[in-house]
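Read from first to last, the chains carry the letters A, B, C, D and E; within each, the first residue is number 1.
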Amino acid sequence: MLLEVEGLCVNYGHIEAIRDVTFGVEEGTVATLIGANGAGKTTTLKTLSGLRKVRAGAVRFDGKDITHAPPYQRVLLGISQSPEGRGCFPGMTVLENLDMGAFLRKDRKSAAYRADLDRVFDLFPRLKERERQAAGSMSGGEQQMLAIGRALMAKPRLLLLDEPSMGLAPKLIQQIFTIIGEINQQGTTVLLVEQNAAQALKRADTAHILETGEIVRSGSGRELSGDDSVKAAYLGGDL
Amino acid sequence: MSETGAQTGGPLTKVLEVDDVTIRFGGLTALDSVSFDIREGEILGLIGPNGAGKTTCFNVMTGVYQATSGQVLFDGKPLTKLARHKITQLGIARTFQNIRLFRSMTVLENVMVGADAHSKVGFWDALLRTPRHRHTESESTTRAKELLKIVGISARHDELAANLSYGDQRRLEIARAMATGPKLLCLDEPAAGFNPAEKLKLMELIRRVRDEGYTVLLIEHDMRLVMGVTDRIVVLEFGRKIAEGTPAEIRDNPAVIAAYLGVDEEDAS
Amino acid sequence: MSAATTERTPAVALNPLQRLGLWWDGVVDRYNALPKLSRLLLVILFVLFCYALPLLRPPIITTNAIDFGGVMFSVAAFALVALGLNIVIGYAGLLDLGYVGFYAVGAYTTGVLTTYHWHWPFFLALPLAIAVTMVTGVILGAPTLRVRGDYLAIVTLGFGEIIRICVNNVQWLGASAGIKDIPHPNTIGKKPVPPFDPGGMFAIPHLKWNGWVPSLDKVHETHFLVFGAVDAIPYYWLLLTAMILVLLGDRLVKASRVGRAWEATREDEDAAELMGVPTFKYKLMAFALGAAIGGLSGSFYASSQGGYISPDSFPLLLSMLFVAAVIVGGSGNRWGAMAGGTLVAYLPERFRAFADYRLLVFGLALTVLAVWRPEGLLPPRRTRRAKLVEAQIDELEGEGVVDE
Amino acid sequence: GSSNDNNKTSSGSSGSSKSSLCGKNIAFLGALTGDAGALGQNMVNGINLALKEYTGKHADCKIGLKTFDSQGSADKAPALATQIINDDSIFGLVGPGFSGESLATGKTFFQAGLPSISPSATNVTITQQGWTTWHRVIGNDDAQGSSDAKYLTTTVGAKKIYVIDDGQDYSKGLAGKVKSELGSAAIGSDQISKGQTDMSAVVTKVKAAGADAVFYGGYYTEAGLLAKQLRQGGFKGTFMSGDGAEDPNFVKVAGAQAANGALLSAPAGPAPSGFAASGLYATQAYDATNIFLAALDAGKTSAKDINSFIGSYTGTGASGPIAFDDKGDIKQSTIYVYKVANGQLDVNNPEAIK
Amino acid sequence: MDLGALFGNLNNFLDFTVGGLVFGAIYALIALGYTMVYGVLQLINFAHSEVFMYGTFAVAWTFILLHGTGDASWSLGRALPILLVALVAAMLMSAAIALLLERVAYRPLINKNAPKLIALISAIGASFALAEAMGLRDRFASWVHLDHKLANYVAPDKARDVYSNPVSIQPHGLFHLGGYEVTDVDVVVIVAALAMMFALDMFVRRTRFGRGIRAVAQDPESAALMGVNSTRVVQVTFLVGGLMAGAAATLYMMKIGSTRQNAGFILGVKAFTAAVMGGIGNLRGALLGGLLLGVMENWGSAVFGSEWKDVVAFVLLVLILLVRPSGLLGEALGKARA
């Protein structure tokens, strides 16, 4: 297990955002968390990357207890997150933002680094075109691309993606999921949070369904996407 | 579902005309001679790839940006150089792609700020508690509460806006915009971050809003929502208008498919 | 506010200042629950108590090292200023670091009208001082309020200094020697004949305390409504009266469209604008109102006991103290602002026992207060609720993420 | 707040050896700290000396001293003044020390009917206010200003004199007088402000004007800084200032090199030999205190009586002959010029210039 | 108004200009501290003036320690060794005070995610306390009965007085600019300030740490996700600001030679003004703002009289902000789009 989460409880004041959440992510797989608005998905990811404090429970990464480690140490260990709402550095250029993604990398002058940058530009040609534009003036979708690209630049072992498809045009959504697959192929473990449950389940090796802060079902992606109750609740009926 | 407004006979009054609008940021042309209009009582969709210029279009309409050339006409009158609050008072209201509420005011107060847009109450009215003040105040409160009921968050009217969940914050944005009593309501990706079930509810809400007599301009990337709710669609790409038509026409437009929808439509079940 | 009752039983340990906030909520709730008549009665009692305070000279509160009436006067002056500045900072969110400038304009207008160039009676000069200050507010605000955030802070600071330096260098305003002998408000009753006749309608004895036992002090009496150098209490009464009027006005205006517009502007100026709020107009209004109240206070200051103003009376530091008063008290809450004003004026006087150390103690107190209670003593009730939740989070998380 | 009770105290306990004022206090109001604090300290030394001598003679009647530190700021003084008049144990004031604070508080003391004698406040206008309780045992700035101007042009032989003040009552009064007396020899003037440390702009102006002497009216700290920076900036002419700068601290601030050659005038001569307190105006403060003590000895106890006693007082104190005119000014005084040489202010051998 | 005073004579003009540049350079160095902290935390570090003031005392004390109290006027060359030691001492002292401030007055508030304004108050309080503590140093020394041993350092009973540097440096002319003689002190102050600025600019622009600072400034939460240790970044920001203030203090003491417990106040206000003028948060802006402010106020005092010097400074500020609401080099970015 690359990531083990055990009995995790996180509060916002008296609101228990997540309660006794336990799951694991096997190295090299894609795992997904799905659930309604406010179910606690974002909270879970923020806790994994150290932005939220833990009330109870433990988080282990690669066998190491990181429950109380500050965010930057987790990045050092290889956890990278593309946050909900993008979180680009508005006053930095696109290139500088991507560079920030590689903040802790020691090989910033190397060819490998260049190659990674080129790969991000391949994935999102728009970013290449706008290399020098300030991130704050990019459109919503463009910023989303930047946030994903930035997370990739960290070359993480575990990539946390919080609603990567939000605000993207349909064509790009297709691409994003393809990219997730590719990254995973190259050895990165992915934990994906998505409202676009159909797509997420299709890619996921394992999936967990969060309801009001608790995991109510787990299984393989295929299993869950075939399940009728899941279909009704998260894949949308007919429109 | 298109029996209201535009199609129910009578002349097609244009609420808003975007007339040959171009806007540049440095070397970048974000909108390039874009023209379209919005007719009274319709729901118009504005779609296009990321960075096509949709939000910019809103920004030009509401006075956040000044067009480099061209103009926007509202009720036949140009909006150029008008202060932003004046534009709102004329009857255009919007929501924001990145939610921007008055976070430490209550839900009800947020909506009342919108409702105040047309109020004539001033400092002296407030200080002297004139009948005008009392009258306007109670009217605004009633109206605000009604709107909260319409969007479905009236139970939380006394909560701080910041404490609402993401979805409820989007609902509050819509209520606040509606409270300004607009003729034209512009929604910028209102469904972002919603799950399919919630998107359904949102569609109903948008229809209801239209039925209340508002004209709606909608930016959205979720095709099921857009196709399901709009009367007409304008498509932008690279700042240029590449198509305009009914949902059915747009769905089959090869240029739109190539630029925006993508060939592989596997998730549009 | 029934929900508040349940929220007021926190599961976590609170520091004394947070408890003060809750206690205050309790007071407000209990007060609101009373029938209208009792509420009125309570208010009248409270107001009377405020008026009588310097005569009662209650132990502990009374400053013995320095004239208590004078302290109460400056406390009231600070509270009034804080009330005005609260409109600017607390309601409209405009960080004004040059507020002392308006205080100075009010004071100097009074000085010039009553002494330096003309000889108007005080109560005629007062309204004009307010008006002049308000106009100054508009003149300074109109070009600068387009500047946002902390840039505004430094611009206002600059204006505060510009006003002070101009006064310092303009002979017509007395330059750095200041204006002396500003007349007191007209005494009501028999005029005193200095140096050896106190005048006045009648004399009110003070209380004096032997431990906790009060007795009448016939030696020290306040001669009713004699405004002179000898006794500050009549000034205190005058100022308190002005403050109550301003307080009423503040309450009415805040709970209206105007108040909402200010708040919306403070929260998100762009969004407010796009919701139809003419933000500039409202910012200017807040600025001008704040200025007017500052001018009012300054005018009283000018004609108070000493009857002397000079540029030194209006140092930049005073602006900082005004801002500190508003924020320490709880920006956005009028009671908080007044409490802050009271504290900032009173503490240094109370600390006189520390002699040379009093400013040091005061500075430390300010920092401790800020760190201990970042939202202010009596923040607006909503903030208080929100903060309580945060305190609870911290408590629940116990040993959360430890830095380093 | 309270009314003054001085007028209610019994009068005419004359004859009894022990006055009802025994055990009460004299107040001192003036700068004890701050940029000109040393000047106030001198005065307190003088007062204490007088009180000590008195206690030595009248073991049964102890008069205390309460000091009120205005830090030299006219702005801080009024609050202290109210405190003084509301203190029942105070029957007289030695002070205020400076002109600015005198003008700012005179009315308060007048209204409260507290008699006062200033050992040092020299501004001309103070005694023109009609405050009948206000007196000083020192000559005013008109005399000092014209003597200084004459000294600069004749004795020093300066032709182009630059006049600088700090905008305060004392400074403007003195420098203003100097400037008007100089007439066309005053080739320029400028103002610095109290507390200013960077004098570079003034220095540049003085140099640009080609002045061969500078007169500064003000207190020793700014005077010292000014002298120092003038020398650093290459000014070679004469530096002169008035009684506000006549203190060894001037040399400390300016540095010995820059201070050398500076001329500092004062309407006060050196203390008589054997006088046990040092510093400018210690003798005047001593004399002022003794006048109050004389009133006490004469059996005066009410403020009114003390005040009229002072008004008609004549005698010779440590500082010279003392008598007041009807405005409260001293009738007779002499101006002296003190010099800085060899890195020291020579306080014992001034030159009398009038 | 007296334009002749300024432009009538080239020598005067140069004199005023060089004098302005010298002070401008000092403003700029202090401004860096404001601008750095503001950049990262959006806080006006009101107590930065005290950071500077403590530096000036470190310089004075170093001189007393190494030279005694004998008063002397030295050439720059002779004073140089002491000056270098003083520079180190001042930088250490100022940095220590800055770090103390960060720890006591800011970090608790940052951790509590407190409103920005309250940090201003905590800073005002700290500023009072620090200045007063320096003014009362004689008392503290007497608590431990060292007042007489330390008399030269604490000045018993007079701790609030102006405190002079026992060695005043007599400038020597180096070369002539027109008719104006540029002195070694002028040159050292300007060159040293520029060098410091340059080094800092490189540090912020070129090093990873510098990027970390900018990231925390723009979005602390995202910065944390990128692996930036924000506590450390904030500390270093204060540290660097303190070091620069210490350098400024040394240059100031070279030029003025005396200080006191409130010496920082006016300079602090001016430096902050300079920072805002240049565009707060922008290092090069601080330099530009500082130099501009120094020169303009000197010109202003030549033309209008020195008593109007500060008015000139603030009017200039207002004018600049009216034309460029976020300062000369300030970016309007960082704000979210509508």
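Heads up, the rule we're going with is that a residue touches a chain if its C-beta (ideal position, glycine included) is under 8 Å from a C-beta of that chain, and two chains touch if they have at least 3 such contacts.
Here the structure is a predicted model, which means the values were calculated and not measured.
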Steps in the shortest chain-to-chain touch route ending at chain D and beginning at chain B: 2
Most widely separated chain from chain B, with each centre as the mean of CA atoms: D
Euclidean distance of C-alpha centroids - chain C vs chain E, Å: 33
Distance between the centres, which are taken as Cα means, of chain E and chain D, whole angstrom: 37
Interchain centroid distance [CA atoms averaged], chain A/chain E, Å: 44
Residue list for chain C, restricted to those that touch at least two other chains: 168-169, 270-271, 274, 390, 403-404
Touching two or more other chains - residues of chain B: 55, 62, 64, 96, 98, 100
Sequence positions of chain D contacting 2 or more other chains: 167, 191, 193
Chain D residues within the chain E interface of the complex: 33-35, 37-38, 167, 190-193, 195, 197-198, 200-202, 204-205, 207-208, 221, 224-225, 228-229, 231-232, 249, 252-253, 255-258, 343
Complex interface listing, chain A residues touching chain B: 36-38, 84-85, 126, 133, 137-142, 144-145, 163, 166-174, 195-199, 233-239
Touching residues (chain side chain E, partner chain C) in the complex: 38, 42, 44, 46, 104-105, 108-109, 111-115, 117-122, 124-133, 136, 139, 231, 265, 269, 272-273, 276, 280, 305, 307-308, 310-311, 313-315, 317-318, 321-322, 325-327, 338
Chain E residues touching chain D - in the complex, by the definition given at the top: 5, 9, 11-12, 15-16, 19, 22-23, 71-73, 158, 160-162, 164, 166, 168-171, 256-260, 262-263, 266, 297-298, 301-302, 305-307, 309
Residue numbers on chain B that touch chain A, as the complex places them: 25, 28, 48-52, 54-56, 97-98, 165-167, 189, 192-200, 203, 221, 223-225, 228, 259-262, 264-265, 267-269
